[in-house]
Structures are given as C-alpha cells and as structure tokens.
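Please see the structure below; I have some questions.
Chain naming follows the written order as A, B and C, and within any one chain the residues start at number 1.
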Amino acid sequence: MSGMALTELKPGMSARLGRQARDWVPALVVFVLAIAVWQGAIAAFHIQQFLLPKPSAIVRSCWDQRHTLWPAGWYTFKEALGGFAIGSIAGMAAATVISRFRTLGSALMPLAVAANAIPIIAFAPILNNWFNPLSPSSKIAMAAVLCFLPVMVNTLRGLQSASPRQIELMRSYAASGFTIWRHVRVPTALPFVFTSLKVASVLAMIAAIVGEYFGGSYDALGVLIRSKAQILDFETAWAGILVASVLGIALYLAVAVAERLVVRWAPETRDS
Amino acid sequence: MSDRQGNVVEVTGVTKTFPRGNVQALENIDLSLRPGEFVSLIGPSGCGKSTLLRIIGDLIEPSSGSVVVNGKSARQARNDRDYGIVFQDAVLFDWRTVSKNISLPLELLGWDRAKRKQRIDEMLQLVELQGFGDHHPWQLSGGMQQRVSIARALAFEPALLLMDEPFGALDEMTRERLNLELLSIWQQLGSTVVFVTHSISEAVFLSTRVVVMSPRPGRIAGIVDIDLPYPRTVETREAPRYFELVTEVRELLRSRGAHLLPEEEAALHE
Amino acid sequence: MSHAATATLPGKRAYGRQAATGATRALSVVAVVATLVGFYELYRWIWSSTGWTYPFVVDDTSMPHVWVILHALWQPAQVNQPALGTILFHKSLFTAKEAAVGFALGAAVGFAIGIVLAHSRLLVRGFLPYIVASQTIPILAIAPMVVVWVNPKLPPSLQGWGSVAVIAAYLTFFPVAINTLRGLQSADPHALDLMRTYAAGRWTVLWKVRVPASMPFVFSALRIAATASVVGAIIGELPSGLQSGLGGAILNFNQYYSIEPQELWATNIVAALLGIVFFLAVVGAEKAIVRRAPENTA
C-alpha cells in the first residue's frame, strides 16, 4: 500500500519531502556525535556515574524498567494533556470574550502580560492541599493554570491584529460583527494561537512534574524519578527524565504538526 | 436604479471635520455622478479625496450634508451592497486561495456553490488570471494581487466601483497595462467608477471627468471634462488633445491650489 | 505602530499625558486586584454556605480569608521572631539574588548562542532542535544532580545559592537564544547590502547592523526571561535544601499548612510580587535604554 501511495505523490511533493528529510540531517549528526562524546567522556574522565550515567546505561535502564517507566510517563502525560486542554480552551474563550470589548481588552492586556510574570508554580503546594495530593486533579489544575495566561494573551493579541483595511472591506460588504469575527479575526489570530499552544505544551508537562514533587501517586513519573534518585538509582532516575522529556517533545510536536496543517498560510509554514 | 435626476451618486453640501486635531478634511462638497461615468478625484495630500470616497461608501460619516447613492442613503446603499471597493493594497486574505478570495462577497451574499463557481470563473477570465485560482495571494506579484482585488470588487456586479489609488503601489509599466485592462472591464460592465489618484496622466487617461481638489480645507477646485474618444489606447497617450488636457488639469491644480507646498506639488506627477 | 512623535523628546504636554496614563494604569491595577479579591471571597462565601465539595472543600484551611492572609504578614511566624512579612522579604532578597545572577548568566549565554547560530544555517539545523528540547527536561528532576555537580566547583561564598542560579540560568537562556536568533536574522537586507558596499567585516556588520536590529526581539525575550529566572530560582531551591529563600519558605510552610495555611498563601503573594518586580525592572531598563515606548508592554 505504501508503494502505491508513493507513486501517487506529485513530483513537487516528493522533492519537498526530500528537502525536509535533508533538513534534519545536521540535527541527526549532532545527536550521534553528542551521544558518542557523552559515552566516551564518561569513560575517559571517570565522571561520577551517579551524576550522569552513560547513555548506554540509561537506555538499558529504560528498557529494563519499561513496565514501570512508561505507564508512569503515560500517567503524568495524561495530567499534562488534561491541564493543557483545559487551560488552553479557557484561555481562548476568555480572549474571545475580552476581545468583544475593545477598551477592556487594551486595559487588561498590559496587566495580563505583567500577571504572566507571577511564578504561579509556587501555587502548586496549595493546589495539592485543595485536591487529594495523590489524585491527578491538582496536577491537571497546575498545568491548566500555567497554560491559561500565555494562551489568553496571545489569542487576544491575535484577535486584535486584523488590519484596518480588512475591517473596512468587510464593512463595505455590510458584514455583521460576527461575520467579521469569523472571516477575518479568527483566521488572523490562528498563527498567534498556535505559537502560544506550543509554549503551553512544554509548560504543561513541567507543571505536572512540579506538582508531583509536592505529592503525587506512586504511579506518577515525577514521584518515580524523585524516589529513584533518593535511593541513588540514578540510572533509572535519568531514564525517567528521558521519558519525561520525550513525552514533552511529543506533545510539542503534535501541536507543531497541527499548526502546519491548519495554518498553511503563515510565513513559517508556507511551502514555497 | 437612480434617483429622479438619474444620477448614481449625488453628494450635496458634504463637510467633514475630524475631531482629533480639528482637521477640516472636506468643506461643502457638491458632486453628481451620472451612470456609466468614470470620474477621477485628484489632488495633493490632505485634499480629502480618500475621505470623500469613503463618505460615498458610508465607511466614514460626514459631519454635515447628504449623500445619495442609487436613490438611497449611503448607509442603505452599503447595506444593499451597491458598490465594490478596491484599496491601494490588495487586502487579500492569505488564508484563502485566489478563487476563495474572489468568492468572499458572494459567500456573504449567500450564493450557492454552483453560482459562485461560475462567477469566479467569469471574473478570473475578466482580469486574465485563469489558472491562478488555486494559488495563494503571497504567490502572486503586486499587479496580480490587485487584479484579484478588482475581480473581487466586481464579483457581485455592483453598479458603482470605488477605487482608492488602486495602482499607486505598482510600477509604471504594470500601471499602464492595468489602466488599459480597467478601461476594458469598465466598458464591458458599464459600471460607474469613482477613482482616486495622485497621477494626472492616469486621471486624464482613464476618466470621462476629472475632479480637481485642493487642500486645507478640502474643496473641489474645478472639474475638467475629458473629451477624448473611447476606446482609449496606447496611442491616446500621444494625442495632442491628451497633452492639452493634462496641462489643463495641472494648471487647475496649481492655480486653485496656489497655496500648495512644494512637496505637495512634487507629489503630483506626470 | 510607532509614530515619529514618540521618537523625539517628550514635551510638557506629553509628560502630562504620561502621568495621566500612569494614573489610569495604577487605577486599573487596583480595580483588577479588587475584582479578583472580590471573586475569591464571593466564591468562598458561596461554597462554604452551600457546602458544595466540588471541585474541592472550602473552609478556613483551604481558602483563608484575604484579610487573614494579609494580617499574617504583620505577625511573627514563630514566637520571638520578626514579622512574617520581614522574614519573607529577606527570603525574597535571597531568591532575587539567585534569580538576578541566573538571569545575567542565562541572558549572556543565550545571547552568545543566538549570535553563533545566526551565522550558520547548518548550525541552526543541527542544534536548534536540541535547544528547544532542552526545555522539555524537567529541571526539578535534574536540580539535585546540578546542585551536587556545581556546588563543589564554586568558591565557598557562592556555594548553595550558586547552583540555584545555574538552574535559573537554564530556564533563562532559551527565550533569549531563540529571540536573539530571530532578531539577528531580521536585519534589513538593504542595510546588509549597504555594509557590503563598505566591504565591512563580519564583526562590523554584526555589531552595527544585526545587533541593533535584534534589540526589540532581545528585550521582548528579556521580559520573559525575567519571569523565567524567578521561577527557576524558586524551583531550584526546592530540592537543594536551602532554607534562606522563598523556595525553602514554600516547603516549610507547606508542612504547616493544615495548622497555618495563611503563611503559605502569604508566601505566594510575596513570590508573585517578586516576579512582577523583576518584570517591571526589565521593562523599566528597556524604557531607559531605548527611550521610546517598547511594543506591547505594561
């Protein structure tokens, strides 16, 4: 079936895929070199294994412990995903409401930007006290709170960034407010929204793990990493860190792919 | 559809003062446009030509005076979508293809898909962009984007076409070519055109009448009837009568706008 | 959207206008804070009257009254100790020190990385994915290792908080690197052509054209980095066992939460203020350096 699919590709498309594959070669090279250097340096300089085990040891631990690591990762990932979804949707909804009232929007914007400076992560222990520390709810709440502001601020900025000419054009069509919103403001806002979603995706996973630091179920990855570190099983701890990182990247990539599909016109995602 | 006197646009005693900075953009403007006319508004910056265009299109409200379009108030004409507008930059939507950009007003009017497709094809042919329907705006040159913008403005066949320096951002050769295309479209459709421009030669070449405006406050300094025959071609630009008319317009600009600043005069070019 | 007028020195009327905007800004802050406090107390009142337990139980422990929290700042946390507010103030200074050093270090490193990457598309394609990926590594998990590794390498006066500064730098370098890169790449091609006609060398082009072009981007990143450095400092303190900072205070008061919940809330308020102060400091520095209104800021 894949053979058939390949022949169906337009000539331009396969050239584009080829170009995209080639774009990744330098990163691959760096990756391979880095692993090699890492592995060699630890052996050569006798860096304490507990700080930074050899990549081979980490991978082996990943494999050996896969029955605990990956379910734990999935558990934490679900917390992050849930918080990401809730926070992003709430942020977009809030921005939509605020954008209806222009004075409110321009008054709130600088305040929201300043509010983004609050280390809301310090709120994690209080969330853990609100919800049962062993339940995922507090972590989902933490991730949601962390994702809310960046998504709201950027969505609002995007909704406000339609050019006056475009609005004049729509008014010449006697278009209603809702029509203008639907046909102009929303498409203009989409690139902004996706940029903030990418940021939020990374924050969500980190929020979940910080939340777990203050108390979480033993099924959770953050708790697992911490407990392994405490018993000096650093290889597994690093394996857990690797899993957390991979999952964070996965979420980011998922958003990036969605961006590429939805926002095909922005300069960053254009074909030519 | 026009009022008792048969005029498409009837501007009476229109004044516009912008509250910010107390700028009097227009003072006591009277203007009548007959159906099928091609009227240019020309003048230095600050003479209010773009403001007047927008008042006709009900995008700006006059401080006083009345505007009657197609026998109705400007507001009603806008609600009935009696005109199409073209701006200096194409104002196309990057997230739509060329075809979908052209079909935007048709979608808002509730046309069904088949009817839209037919009209889009007609429009693409009219502006000679057949085959570019699936392209995106950023893949087109400036001149092509403007042609899409014109196609969109004409898509629902309005009686009136308002154009605000549509070719101002283009180079001379593209401009001259688009002038010819615009004239051909105008003669095919028989619409009335109000055309704002900085260029004396463009105004004289395209129009049936040239309305010369002067700034501070914006007033009509004079109107020049262009009696050059249609269809106008490249040869028209070399006819002696053409040069006479260009000179007449220029003299009008200079004399009535005796208080033109040097840079304003420089902005008015051949 | 900058107008020519704002590039010149503001006249008397402009100062008056700025003062009016400042007053409006201050009023809107007060209004928003008052609204939030109002919502908090309203929520608390509704939930405690009806006894709803979803999403969580509301009582004096989970949601202390706002005035209780504020009052706690004036009270000593323990017998014969200065007021909580004073203690938290000193702890925030300690955390601020870590955040500031981390900020400086991270910004410098990020800026350098941005400059290096801007010169080679190959380097960008090779390293950028990892720079982005670096932020997905949960620093909270790595923090203990960083502490153990960095501490011995530091002179005694820097030990302890120095490693936290490194962790803060880890969160700070990323936005600065990314935005420096974008900013350097945003230089006007015409200006670059002009430099080429002067046969200007790479360094000259860099410092005379690219870096000035990158300034708006860099400052925008520094605003984000200010917050990131405070967050990094607080998170870094958690596993390091340092008592002298806000992170330590959070851990401490978390243990007493069921008895004295308002102390943890008060700590949160102080941490919030610290973040905002850092942010405003960067905004102020930007205004002072650039001397025209930066885009889209408070």
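Worth pointing out:
What we mean here is this: a residue touches a chain if its C-beta (ideal position, glycine included) is under 8 Å from a C-beta of that chain, and two chains touch if they have at least 3 such contacts.
Computed from a predicted structure; not experimentally measured.
Relative to the C-alpha centre of subunit A, the farthest chain centre belongs to B. By number of C-beta pairs in contact, chains A-C lead all other pairings. In terms of their C-alpha centroids, the spacing between subunit B and subunit C amounts to 52 Å.
Between subunit A and subunit B, the centres computed from C-alpha atoms are 49 Å apart. Look at where the CA atoms of subunit A average out and do the same for subunit C: the two points lie 20 Å apart.
The residues of subunit A lying in touch with subunit C in their complex are 23-27, 29-31, 34, 51-52, 107-111, 113-114, 116-119, 121-123, 125-126, 128-131, 137, 157, 202, 205-206, 209-210, 213-214, 222, 225-226, 229, 234, 237, 240-241, 244-245, 248-249, 252. On the side of subunit B, the complex with subunit A involves touching residues 54, 57, 59, 78-81, 83-85, 87, 89, 91, 93-95, 104-105, 108, 136, 138-139. Within the complex, the subunit C residues that touch subunit A are 25, 28-29, 32, 55-57, 61-62, 122-123, 125-130, 132-133, 135-142, 144-145, 148-149, 223, 226-227, 230-231, 234-235, 238-239, 246, 250-251, 254, 257-258, 261, 264-265, 267-268, 271-272, 274-276, 278-280, 296-298. Touching subunit B in their complex are the following residues of subunit A: 163, 165-166, 168-169, 171-175, 179, 183-184, 187, 190, 263-266, 270, 272.
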